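See structure below.
To keep things simple, chains are lettered A, B, C, D and E as they appear, and every chain counts its residues starting from 1.
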Amino acid sequence: MEKEKPKLNLAVYWGAACGGCCVSVLDVHEKLFDVVANANLVFWPIALDTKYSDVEAMPDGFIDVTLYNGAIRNSENEHIAKLLRQKTKVMVAYGSCAHLGGIPGLANFHTGKEIFERVYVSSESTVNKEKIYPQTSYKIPEGELTLPEFYNDVRTLGQVVDVDYYLPGCPPQTERLLEVFMAIVKKEELPPNGSVIGATDKGQCDECPRKRSDNKKIKQFKRPVEVIDDGETCFLEQGLICMGPATRCGCGYRCIEGNSPCRGCYGPPPGSPDPGSKMMSAIGTMVGSDDPEEIAKIVEQIEDPAGTFYRFSLPAAILRRKLIETTVS
Amino acid sequence: MRKAVKTGIYFSHPVGSQAHTINYRELYKYIKNVPVVTKIWDSTVNPISDEEYFTGEITSKSINRIIIAGYLPGYLKSIFSRFLKKAGEEAENISLVELYEHPLPDVPSTEIAKSKLICAIYDVPYEAAILAEMNPSQSETLVIGGGIAGIQAALDIANSHNKVYLVEKTGTIGGHMAMFDKTFPTLDCAACILTPKMVEVSNHPFIELMTYSEIKKISGIPGNYSVNILQKARRVNVNTCTGCGTCAEKCPGTSKSEFDAGTTMRKAIYMPFPQAVPNKYLIDADSCRYVQNGKCGVCVKNCPVENCINLDEKDKEVEVQVGNIVVATGFKTFNASRMEQYGYGKYPNVLTSLELERLVNAAGPTGGKISFRTQDKKGNWVFTAEGPEPKSVAIIHCVGSRDENYNKYCSRVCCMYSLKLAHLIKEKLPDAEIFEHYIDMRAFGKGYEEFYDRILHEGIHIIRGKTAKIEEHQDKLLLRTEDIEHNRILEQEVEMVILSVGLEPNNETGDLASILGIGLSANGWLQEANSLSNTTETSSGGIFIAGTCQGPKDIPDSVVQASAAASGVIQSIMLKKTEQSMKNISLSTIESKARELSLINGE
Amino acid sequence: MTFEPTIVSFLCNWCSYTGADLAGTSRIPYSPNLRTIRIMCSGRIEPTFVMKAFREGADGVLMCGCHPGDCHYHEGNYKCLRRYHLLQKYIVQMGIEKERMRLEWISASEGKQFAALADEFTETIKKLGPSKIKKVMETLT
Amino acid sequence: MNRVDPKFKDKLKPYGISDWNECFHCGNCTAICSHSEDSLLMPRNGIRAIQLGLKDKIHNNVDPWLCYYCGDCSEECPRNANPGELMMALRRYLTTVYDWTGVSRIFYTSRTVMIAAFLIVAAAVVGIGAMYSFQLEPIMEFGHLFEKIAIISVAAFILLPNIIRMFRLTLIKQKIKVPLSTLLSGIADLVINMFTQKKTLDCKENRVRWFEHFILVLGYLLLLATTVFLNWFGTDNIYIIIFGYVVGAITFIVTFDFIIRRIRKKAEISKFSHLSDWMFVVWLFLMGLSTFLIRVFIDIGIIQDHLWLYLVHLIILAQWAVIIVPFGKWMHFLYRSFAIYIAEMKKKALSLKQQNQVTTITA
Amino acid sequence: MEEIRIGVYICWCGSNIAQLIDVKFIAGEIKKLENVIISRDYKYMCSDPGQETLIADIKQNKLNRIVVAACSPRIHEPTFRKALEKAGLNPYMFQMANIREQDSWVHIDKEYATLKAVALVKAAVSRVKHHEPLNKKSVEVNSATMVIGGGITGLTSALEIAQAGKQVYLIEKSDSLGGITAKIDLTYPDLKSAGQMIRPKISQVQNHNLIEVFLNTILEDISGYVGNFSTKVRRNGTSEEITFGNIIVATGLKPFSPVTIPEYKYKVLPDVITSIELEKMLQDGTVKTSDGSKPDNIAIIHCVGSRNEQYHPYCSRTCCSTALKYANQLRSLLPDAHLFDIYADMRAYGKGCEEFYTNTSNKNIMFLMYDQKNGLPEIRKANSSDNAGMIITFSEKLSGENIEVPVDLVILMTAVEAHEDAKEVARLTGISLCGNDFYIEKHPKLDPVATTTDGVYIAGTCQGPKGIDESIVQAKAAAAKVLSMIAMGSIEIEVAVSHVNEEVCCGCQTCIMVCPYKAISFDEEKNVSVVNEALCKGCGTCGSTCPTGAIKSLHFTDIQILSQIEGLLKTESETI
């Protein structure tokens, strides 16, 4: 009989995220047993009651693998990211938000102040005549109450700490998580640090079952509701913006299978210097006209290019945020 | 089948000395009995004034084709067209035979006149009839002259992977173009575009470069010429010289620098210019003290390379075998001192354009500064960077060109290079007044007019009127010109005058022509085979001409001509055949060939 | 000290770069703010380069290609034009003044026009003032 | 607006040059001419006027008279257009323009008429000789009388009206107003120029020629005076006799030199000789020689036996007086000096006008 | 990975660069950069000794990247690449910074010029770090040649090549050969017969067994690359495909139509005709006015549509001598007519042309000069008293007078324009046009018949106005280039091509759509795009279009350009 392998120490943390990633971990269902068989869950706020002080108490490198999901939005996210990094051997940015900023990253179109103003003052369901905003600290007789600082910008995990692997997806496919986990457990040869795992290097088209040709001249950009999809032709050739060619495989083309164009959560294939620019370039090139005025008209139909091409990746882009005067101190 | 051809031949005689070079009686006798010749007229009747006579003759003799032969036959072509048309014949049925211009120097004119006429009578192009024979050819080619035309021709031929001997009389290739500062109209610097080509020549595996060499003798037949080349003693070993220049530093002998157009001095041991190819030194025997007096040898002592300099080296002669020859010997500039009224050689600040080219050149004697000519310690008039700058400069066009007293022809490049020089002066001396005196502004090439237009807006005074005389007047030069456009006499005081000298055939052109057996045209340029349709071939088989040795031309035109000459050579190499020289083709051969090729039928 | 903008220009090898060279050979002076990157065809210009230039501190980006119909590679310039429109929309979204980015056609013979364009564009950027992108990106919290 | 007249230049053929087109207007000739200045762009302007057939411009202009034919312009002309000779031809033409009788035009344009005229004059002299039965004394008396009458009538009926015509064409018709005082002040110069031709000295390397010409004019005029007013043939005054010999000798020796030069064609000025030029020098030479010989014959006492000599002399004299002087080249002598005068007047009038303009502006 | 060792060379270009830019300062600044082993300044880098220095440095210091800051890379990039090769380094491990044409020649302020130069050199340094060795490839050359245009130039080129024993396809759009030359009566300055010269050439071409003449033919498409072109030609409604190795373009000229010049009233007054219309009259031997009478006064007006910003700024080169030719022909045909030649500058520049001008001057022709800056001559209908059909008025430059010329017939020396097909042919062959629609040569002086597209040559008037003799010379020059290439048998092709990373390419096929040369095809089996390197010309459009980033435009890769941008912007706040 083999000597029982020592179990891995596993942590899962949730930064600026919707919680979907944690759910995706739960989605391993019965395979959780396989996980538990091989790992001790030492820190997972959604499931376990481990205190930050407990983590702080762990020796450095105590955690073998941390799955960090969510972007860095506030000082708490940053603090824990750094803390976990210190305690972890293999830091995995888990999911789009940790990977590229994800949906929270879209907040980079605004300043922190703007967001507060909207959330705490101007939103239709709010009554806050005194314009009271959350403070990082508040003195009460009992002492001082603190809240994490809300940052002006959203960052990816990689922009705050060194990340060993990126596991993309919004959320990542559970199968991918398992594969990765089992690989670590089995001490298979791991890809070099900084790699994206749980996804292939090719674009979605590689797996996409739809029919493609080289005829991608687009005269009109349409929204899905404006198209009667034949279920067979490439979305792009139907005038729908599909991020497929610029998005890694690994998701199992589920959106496409659901007759919805790819939105790009898996991020770009390797070698792209920017997550959205390549696709923007490709889409621009596809505009089916040589007449400047017509081109402008066609392009006008793309309502929100930045939001379209950087839906999951704005903080990871070359231009990581919108330039707003007040952001400059 | 065409209807029977009836030919009337009209002879237009020239007036003057040329008239007697052809024996017309013999000519008439020769063609009289050719069946298709119906009528011969000579100059006793004049088609310009005797219209009725001619139309009558043509109608009554049912003449349906006219040959006009003699001097400038084209002058009468339209008239005969009218006659033919009036007689109900095809107006186009006219052949012109120029009897007084041909590229063959040694053959009696009457013989050529006969062969040209017989071809015309049989309606066969002369060029086709004299193509009777071809010699087998070898693939090596000799290119004479290492200027831009020679370089281009050599490269084009060598690029087809055939061996080229490039013979240059001076110590480096590059020719005049290397001396220029900028080239019009794009103003790119001549050295920048030329030096890479020069380097390409020196590195080309198919080019054997022979500088400081001259053609002594050429024998053999087209396709198989044997050429004797005199390799003058460089006295410096090209293979070991590093071009370090220590020798020249110490050399006591001096002479005017050829490359700097005499504006500065060089040593007896010298590198023609910094980018020279080969980039090696050589010794000029005329200024070398050792060669002249047998005493010196300073260079040998100072040379860091052993046995590199051999002051006793002798000229040697080598022989090469080639199939074809391209002549690109270029030009020399007009000797401006011949026009005494301009005082060149008398007044130090009257310069030729070539001297100014060197002066404005950053690599020139003054590092690009335009300064006055001053006397150095030894009394030589030279330019130095220390000299003061002129405040006013006049440029005179057409010096020695378009002038019955000197050269009748237009030198073609002077207008443009003068404009260019004016621009360069303006650039260097923005406050100087610059005047250009021209007769007709010949800005004819691609982009030239646009360049002229640009110069017009640069504040340069462009004056129509030829300067008549220059006098020195208290350190200044006094010019007298009629400003035709403004109806006045200009008496200008300027500090410097540039003479835009014309182009003349190089000194060797005449000798070379006789060595090669090719002709010279009226002004001493090499005579092409046909001024219209074939300006690169000559009367000698396998001998081509390119560049300014055929007549003045600018750089692009020279380069194109060089490539065109190369085309003939490559063609010959590919076919392994070279055309026979015209003079070696007998009249009877031409006649039978013409008859054979002829499609016309007589009565 | 007056603000001297830094402008990155992308010039296609056959027309615009040649035109810029012509401005040089013709010695037509223009403002020294342009720093050129030569590419073979304006069709090679992609949004990434423009973003990168802004990110690294360029105050303006100029793209030049052959005139429509003159492209050495047939229609690379049209491709550039199409991307340009989309890119323009994008940079406006990102809060960058659209005047900071220009696409112009300069032919090989338009040295004069190139110089004039350089001067005019520099003036435009000077009026806009320095770009704050680099600073913002570097001070991200 | 001037209309070009391509036919005009054909009218000038008889005056010496048949092709006026070689000039391509480089302006070298005008620039080299030492007389040319902003107000006198000579000779190119004249050539241009001929080429375009701008008749009025030629008629109104005295420029050709201001040329002394040094030949520099022709020597360095890049197209061998010979501007110097063109100027000469213009002077011949202008002679006919000024001539109210129209006779000189006939002589220039028809060689036949001219030869006929010479023959008629010769015949008339022989006829007169016959009238006097070929007696020396009366014929000589007649000759003497003829000289006086000829001088007066040519002066009165030809020279004076022609000069007036010249004035009209070049000054009056062009509405150039010259104050009388200015007109008068120029007369001294006019006379000096007439007799000295000093302007020739402005031409380069022309001193010898000027001097020759000067003493010829002097010799000729003095010979005229000696024979006509001092009655050289009839006088016994030894001083007058010797003086006559000197001036007579000057006349034929200098003209002989001129003839030789015209034959040799070395200098530019002697290269082209129109018939009128030949006549002028040959007749002057013959006149000087025959006058000289007659006095020699008188002095050695053989004139009685050689009446033919006097007849020949008279023929020459008559031809000279009625043909060459009024209708030939002789008039150049007069026109040239008046041209200088007119040019000077024009210039002064112009500067006066400018002055007035300036003052009006400043006022 | 080997260590990056960069050598940087700052050229003075004599004083061209050094007079404005502090070359020593740059060399010093650059020396401070990482990986820069050597940083020198030198008087003439392009000279032999300059190149020798470079080669010696590479060998001695084991340099593996070279940056030269000098003139435009369009001039000397090949020179230095050769030098690298000589030193045993891959020629693509090289980058040039243009501090002459785009710096020292266009700026005035020394400090800014130097700062800009530093930036440009830094950019080159940071770019060259990412350079990769590229290897030359060669392809066989098809020995056949296509000649486009059947005028004198096309005919000459075709004959020149066919006579060397090589196949030629001669494409002509119209139904006959000879072009404009066939419409010309005589040539200048020797008054030779153009017809007599060109007719035998036409029959030679038609009868040559190595020349296939395509009349009434248009080009539908040209594909391929130097040495291996193919085209679809359509003749009489049917398409056929031909293959060949080189192309000579000789599309020729078109005469300018003077209808647009109001002063000349062409097509308004019937006796104002163009030079080509006169040629026809001369060929027939009868010159007459519209009413059939003999003209007494004929004027020839030069520079019609030339040398005028409003029409064409350029000089049409041939008109002056052609006008002199007409003067001669008219003189012989109408000995008594008055001929007026109204010119601007008499550009009789060719061999024998000045003499021709002199001789023509002696033929009783009135030469009148005008200057376009004083307005064009104006032609109007004459009054009955004028004794002529029309009057031309203008300011005559040589007399300084405003003059009137009475005329019965006016000949307009019309400008030469590029042929209307030139644009289409340029598009098909990839030739660039200059502002005036003439073709741009590879180098105006040193490579006047080559174009920027390898294997495509230009000759004759499509490059710019020229005479028949000059066109013939150009035709031969173009033939020489083609023959050279045929003789070599193979040719090195573009190496900076596009490359598809099959690991990344997902087969979206966007690149196939954008490739102008159809150089990319789709591999169904592998589901990836494939680049045909011989067809690829390296424009990089696919590289910037590929959404996955799978396509790398060699020598213009993303990382190279991005590093260059980074380098460019590094110098921000430094001053001298």
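Just so it is clear, a residue touches a chain if its C-beta (ideal position, glycine included) is under 8 Å from a C-beta of that chain, and two chains touch if they have at least 3 such contacts.
Just so we're clear, the structure is a prediction, and the values are computed from it rather than from any experiment.
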**Q.** Other chains in touch with both chain B and chain C
**A.** E
Q: Select the chain at the greatest separation from chain C, using centres from the mean of Cα atoms.
A: D
Q) Once you count every C-beta pair in contact for both, which comes out on top, D-E or A-C? A) A-C
Q. Going by C-alpha centres, which chain is most central here?
A. E
Q. What whole-Å value do you get for the distance between chain B and chain D if each is reduced to the mean of its CA atoms?
A. 51
Q | Rounded Å distance, chain A centre to chain B centre (Cα mean) | A | 76
Q) If you average the CA atoms of chain C and of chain D, how far apart do the two points sit, in angstrom? A) 80
Q) chain B to chain E: how many Å between their CA centres? A) 25
Q. Counting only residues that touch at least 2 other chains, which ones in chain A make the list?
A. 273, 278, 281, 283, 285-286
Q) Touching two or more other chains, which residues of chain E qualify? A) 346, 358, 398, 514, 541, 544-545, 558, 562
Q) Using the touch rule from the top of the page, what residues of chain C touch 2 or more other chains? A) 25, 27, 46, 48, 52, 75, 79, 83
Q) For each chain, which other chains does it touch, given as pairs? A) A-C, A-E, B-C, B-D, B-E, C-E, D-E
(Q) Under the definition above, what is the set of chain B residues touching chain D in their complex? (A) 341, 398, 402-405, 439-440, 464-469, 480-484, 487-490
**Q.** Contact set on chain A toward chain E in their complex
**A.** 201-206, 212-217, 236, 244-246, 249, 268-273, 278-279, 281-283, 285-286
Q: Show which residues of chain B lie in contact with chain C when the two form their complex.
A: 186-188, 427, 454
Q: Flag every residue of chain C that touches chain E in the complex, lowest number first.
A: 4, 6, 8, 13-15, 17-18, 20-21, 23-25, 27-32, 34-41, 43-46, 48-49, 52-53, 56-58, 66, 69-70, 72-76, 79, 83, 107-110, 115
Q | chain B-touching residues of chain E, taken from the complex the two chains share | A | 13-16, 43-44, 46-49, 51, 71, 75-76, 78-79, 82, 160, 163-166, 185-187, 190-193, 195-197, 200, 282-286, 306-307, 313-315, 317, 320, 328-329, 332-333, 335, 345-355, 358, 371, 397-398, 400, 438, 443-449, 463-465, 468-470, 472-481, 483-488
